[in-house]
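I have a structure here, written as structure tokens, and I will follow up with some questions on it.
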Amino acid sequence: MAGSVVRLARGGFHDECGVCAVLGHPDAANLVYLGLYALQHRGQESAGIAAFDGRELRAYKEMGHVADVFDRERLEQLSGWAAVGHVRYSTAGDSTLVNAQPVVAKTHRGQLALSHNGNLVNAIRLRHDLEQQGAIFQSTSDSEVFLHLLARSKAPTLEAALVETLDAAVGAYSLAVLCDGRLFAARDPHGFRPLVLGRLGEAWVVASETCAFDLIEARLVRQVGPGEIVELSGEEPRVLRPAAPGPHAHCVFEHVYFARPDSEVFGENVGMARERMGGQLAREHPARADVVVAVPDSGVPAALGFSRESGIPFVLGLVRNHYVGRTFIEPRQSIRHFGVKIKLNPVRSVVEGKRVVLVDDSIVRGTTSRKIVMMLKAAGASEVHLRICSPPTVGPCFYGIDTPERRELIASAKSVEEIRAYVGADSLGYLSEAGMLSCLTSPSESFCTACFSLDYRVLDQEHAEVIEKHKR
Amino acid sequence: MAGSVVRLARGGFHDECGVCAVLGHPDAANLVYLGLYALQHRGQESAGIAAFDGRELRAYKEMGHVADVFDRERLEQLSGWAAVGHVRYSTAGDSTLVNAQPVVAKTHRGQLALSHNGNLVNAIRLRHDLEQQGAIFQSTSDSEVFLHLLARSKAPTLEAALVETLDAAVGAYSLAVLCDGRLFAARDPHGFRPLVLGRLGEAWVVASETCAFDLIEARLVRQVGPGEIVELSGEEPRVLRPAAPGPHAHCVFEHVYFARPDSEVFGENVGMARERMGGQLAREHPARADVVVAVPDSGVPAALGFSRESGIPFVLGLVRNHYVGRTFIEPRQSIRHFGVKIKLNPVRSVVEGKRVVLVDDSIVRGTTSRKIVMMLKAAGASEVHLRICSPPTVGPCFYGIDTPERRELIASAKSVEEIRAYVGADSLGYLSEAGMLSCLTSPSESFCTACFSLDYRVLDQEHAEVIEKHKR
Amino acid sequence: MAGSVVRLARGGFHDECGVCAVLGHPDAANLVYLGLYALQHRGQESAGIAAFDGRELRAYKEMGHVADVFDRERLEQLSGWAAVGHVRYSTAGDSTLVNAQPVVAKTHRGQLALSHNGNLVNAIRLRHDLEQQGAIFQSTSDSEVFLHLLARSKAPTLEAALVETLDAAVGAYSLAVLCDGRLFAARDPHGFRPLVLGRLGEAWVVASETCAFDLIEARLVRQVGPGEIVELSGEEPRVLRPAAPGPHAHCVFEHVYFARPDSEVFGENVGMARERMGGQLAREHPARADVVVAVPDSGVPAALGFSRESGIPFVLGLVRNHYVGRTFIEPRQSIRHFGVKIKLNPVRSVVEGKRVVLVDDSIVRGTTSRKIVMMLKAAGASEVHLRICSPPTVGPCFYGIDTPERRELIASAKSVEEIRAYVGADSLGYLSEAGMLSCLTSPSESFCTACFSLDYRVLDQEHAEVIEKHKR
Amino acid sequence: MAGSVVRLARGGFHDECGVCAVLGHPDAANLVYLGLYALQHRGQESAGIAAFDGRELRAYKEMGHVADVFDRERLEQLSGWAAVGHVRYSTAGDSTLVNAQPVVAKTHRGQLALSHNGNLVNAIRLRHDLEQQGAIFQSTSDSEVFLHLLARSKAPTLEAALVETLDAAVGAYSLAVLCDGRLFAARDPHGFRPLVLGRLGEAWVVASETCAFDLIEARLVRQVGPGEIVELSGEEPRVLRPAAPGPHAHCVFEHVYFARPDSEVFGENVGMARERMGGQLAREHPARADVVVAVPDSGVPAALGFSRESGIPFVLGLVRNHYVGRTFIEPRQSIRHFGVKIKLNPVRSVVEGKRVVLVDDSIVRGTTSRKIVMMLKAAGASEVHLRICSPPTVGPCFYGIDTPERRELIASAKSVEEIRAYVGADSLGYLSEAGMLSCLTSPSESFCTACFSLDYRVLDQEHAEVIEKHKR
């Protein structure tokens, strides 16, 4: 036995999906492929594209990264002027190819492909009802429910059937739907997940984040409004269901961690919002220290903001290995903090004898933070002051983010002081919820902060009871 | 046709090899695998490990990254307490498996495995002589020459044969040699490439850079001296050939670009040297600007140094996609600056209307710099002042770095002003050679700066003539 | 260009499926795997197994041969005491993984896996009705229709739903159905395709042919009767629908070509039936000749029968290459009769100067026969008398065999003399339908001979019209 | 655990190589590929082709069957008008890619590729001497010795070096050598292994057996004579070393088992020789029986001969599965005679109650024969009379056949009666050596029968001593 295989820990919160679609371009699948590639951070488990050429809908899905799943031959097979794609992250139990998206089917409404980012809170109930009526499910994903509702709807037109279907769905959904060459984009009335519309010449483009537009040189037109269902065909989006009035519930974690710093999400740039949060963090939890060190790469913008506000210099005290694969073979005689060490290396010359402010975006289980603090101290840091650029995460997400169960969230059971002691930091400060929201342009009430506040805006009966129990 | 495949341009200088070896540890191959993984930046084309268990030498080599080449099964087959490994980068023509290392052979001296970083300047001559004597070569790599010299040496002992062999080799070599369970480390008298010795408990470790030690928790003992040949077995390295007196010729490009910022190379930390160079660059070529933007990731330390010295804030104006694969399928209707865009995205909100100082480590052909400048301007930057943290690169490397031919180096034919005009920057400043060397701890004369100065310390007759012609 | 790829022509009739299932054995999937391996001749395009362990149904399907699709790891994942498997051959248009079997689904009746050999004549109509009701189809195969009918049936019990479902299906079906750990075997009322029941200790086994039982050492109990639906659980099969009264319509082509010579099919041994047919062929179409040569391997039993009856010695005049892969790269300068030559080589020493009786089971398009006759003459045969051990094939099969279209069947348009001239034989004799049936134990009226006689016993309206047109 | 993997037993004698080469055809590699495919029975472990286009020699070798190793892309890369290929079988210990052929090297004589069928008896000695002189061996195969001898020869011309090299080699070799576009064919003075010359238009072809010529439509010119070395270029082979006078030592096992029945080997057809041997066997060991059954496929010609001579009808009592893969997963509860059963199935209807003459080509370890006899009895055979179409095999082969060690050969330790008892047959008869040789056209003294007679014509000192000990 040469050692044990270490699957790199995914201890944090993970987004479940990225969506991209193109209508009206001869290279539709190729553009969607590039869009997905720009959205790869939203899901690394599977990737898929369905394309339509006016006659036939062809799809290819596989476990793996976009760049590995698709090669030239496969893209060439996905010919046509319309395409819809998806990248997916999922929990272990369900990470099978059958759950990969877009979900595709032949129905009496025609050939259908659908990409979904989000989670329905009434999925189990809908699914049970459909099965009782004889529906056959291929997957365990929420997203297949949409297909069956559409196939069974008695509504006279596809548009009506789509509105009827989405009216039945409760929870979070940002969708791109391709049906017989017509492209629809839709978002749930709370607007949990982002979804933007753009144009590339005459073609329409839909994506989860604007970074997908940047790569393919599409122009941002506007967000799909919360609750809005639009068909994309002519010069203007044709509205099938109008946007819902607020207050909305945009996921604040997109700004804290998920979205790429170069994206505009919910109307503002993510990286700059993170920098402002880092500045606010420095005001709320200043530290006497010599250097500011970020946990790369997600902690960098906040660390720069902290450094600027505090005047403490930002240094490269942790270096990230950019060639990290999926699994590593650990030697029998175990290395301390192996999983973290394979990704991050503290730089002794930089931190030795220094008081370090360590900035990260969030703490989930606490194990990774603990390892990083230990590593910095082993590399000679005299003090480590941990600063977290969001409030303590105390609750799971039911709206499309793959989170650990509540009891695995360290902040759900431990006080800040207990967490500080556990991770071994000399001090620990979390950004306040009010502070965090004050750094964003949209009004505070338009964000969902349920993972920090347990204030879940939409819940199925069953979930609600669980949450109530936790609050008590 | 869905588009053309874009193999991501590797327009710059590329290191040719990383070396790692372990003696005296039951998990030798597993540790070498991790060491190579930390050295992956030194060569991404092939990876290989040979291991010895006291009876048999087993080797596995394949094209690809370390994490893809080796899985648990393969590492388990490489059982034994001694192992030597290699990662390789090479030019297109020779990138075949047969050139992958370690080179391995059965000779009358026993079973031999050898990993080499560097290039011999007299390789063609040595090879020709050996072939005339009946030697059969399997590869086109320099490194096989060592094997044949060792196999043919009439010297009475392995040690003597090794000294005789290395005395015949002229040029750059940092070597780890495993022969029947004995491990040797050696470096050419000029010390072109780095090589360090470390210990992990009772075991000996050899590696190109200290970052390999950090990951496996080995302790740095010292560098292998230029010209030194040592056998590693007891408590102290046994010196077969002593270190050569200076002046040496350490590759300054290791500090400029190649080595990882967390490594100690030629006795000092790389990242901190880069930061000092960035500061010196700010002194030599100040700029009136609003923000400092790095070309990630290699330009980041220099940009931080520039920012600190100049007081101009460092911002994340270019975001790097961390999921870049090897090739990408470009749509038929080409995207401007596709190759760069797939890796880097300018952040409009950050640079719009700003005067930007753009910091990079070097300019090779100029094409990438030009694309980045264009992208920043398209994203709204009002001015772009390009600052390069090394002198103009005017000559190829004969000592182990894969460089374009001289005529492809933009600085070999164009003046600084011409380069500025070509890349479209508003101003351009290169760090001076003296300024660069002043930021390093070792004396200036101990570095090879041939790619900047054409001052080649060691040349075969043939190379020398070519260079002379260029100088005129 | 090194040449063109020759996909080995599959010019003849091809069976579409083999079915195997096991209930009540701890190694169920492993036994099914071996059973499928023995049934590999019934379908080489895809293979699949679904297994149930009392809690979960797991399935694995892939394009390719049984031995390539399954390895130890995959079989181990298919744990459980019940399993159902399938091998499939299909026409080019539909040869996609999505059509591979067993078809599997989660329904409100539980987890279902179904393997089907045969074709429904009312599949398109059933499918259309189901789609109108909102059913979502994943594949283009008939077999998925069964799943939807089962899922939608309002019948109170699974048994009743199964009977209702099969009552709605018209055409050919031999089925193994696994539902929540209960195993059912069923056959259409005409008994087109074979299906046998066996026992291995306490376990029940179902298979298309008895050769599957031989390999796993199961004991043949009896055939599933035409029209019968049985549940296998206790000591005796529990009959849900009794066998239908005759006359039945057993596919005579199973005896002519499809089934393995070591199988018992429709109650008698296949190889011996073929030998008797060969004898009958010698009586109907004697030949003045020196040697009898078989087209290996399917023509061998008939050739032996012919030789025995005629007294003309059987010789190995055509040698088959047993290492034939799926495709071959033909050189640019084409070889005559390449596709056949890669499989068969005439032996000059054996046939030179000889009058040869060449025995084959059937002629479909005539192209292969022509090539073989040519090859034998080129190898020196002075005369070639072609004897075919079945009547001229004039019609397609609608009951589960993949046949060319009618116009591609040489005998549908040409007289025997025209065929003889086309293939270049000195004489040509086909076995008569009456002669063929006289060699079988069951009464003549119990066989379907539609491909020879155009006497289709079961047809959907649409098919019937096509056939009528042909007859005129 | 789903069961254990059964690697199909290769209990018998196995040929070690097939050789094929083409000179002077634009599709050289493609033709060699087809030739190798026809020679696949001579070695299934690895396949390789080297091709030369006037400038460069390119080679591709891989473990596996010819049809799997080469696809169109690979053949296209092997462009040129000259090519040499090889299929290899080897014992487990050495079955690594490094031993695959053709062996290829760059030497001062130019680029060399060599394919070898046979074994040298002085290989170890030659190898040791070469290693002492500094030669580096890549493989453990005999064939690499030729390369080093050629590379080191001081002879002034390539021809002279080739003669010098082959004069130094003792044992069995049939060779095709390609050196800088010149093709040589050579055979050892005893002519152990076959080698034939042919023409395809203007091109020259070399192959181990004539069946390779049949497929590519080349015309047999003549055998390469024992001891002959020829260069193929003009209209006639240019003889570098003339054929050696007899008596020669042609391997009689080529006729008994190895060669394909459609090949001409040592000047006569293999299948017909086997049939004659079967007739002779019937005369030497008649049996009172009802049917003759062959062990397919190698026993078929002899069984036909036995049947014809004895008048006992030949029947298909054992059916072979033509879809046998390399390994099979056996269920935990083992099946009797699994390894044999997966390949062969006895037909109960054919053998039940019958006295069976079972004809096979040879018995090596006896385990397979025992299983087949058992299976036939279990299927109802009342008596099984085993007839072997060669003498008892008592010694290993040193001339190119992979044989078990002497102590594993059942006939080296047991009498015929003991073997009969072990395999469970009712009677056992072996063909006599004289009888076997009487069926062949060439004089008896021109065959090597060492594996039957221990009369080794060529031995190195070391081998000789081992054999002497055995004889005593």
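Lettered A, B, C and D in written order, each chain numbered from 1.
The rule is simple: contacts are C-beta pairs under 8 Å (C-beta built on N, C-alpha and C of every residue); 3 or more make two chains touch, one makes a residue touch a chain.
These numbers were taken from a predicted model, which means no experiment stands behind them.
The chains in contact with subunit B and with subunit D alike: there are none.
For subunit C, the chain whose average C-alpha position is most distant is B.
The centroid of the Cα atoms in subunit B and the matching centroid in subunit C are 62 Å apart. Centres computed as Cα averages put subunit A at a distance of 36 Å from subunit B.
Within subunit D, not a single residue touches two or more of the remaining chains.
Across the whole structure, chains are in contact as follows: A-B, A-C, B-D, C-D.
Those residues of subunit B lying in contact with subunit D across their complex are 105-108, 131-138, 147-148, 151-153. Within the complex formed with subunit C, the subunit D residues making contact are 1-3, 5, 26-27, 29-31, 33-34, 37-38, 40-41, 44, 65-68, 70-72, 75-76, 78-79, 211, 214-217, 260-262, 264, 268-269, 271-272, 275, 297, 300-301, 304, 308, 313-316, 319, 321-333, 335-336, 341-342, 345-350.
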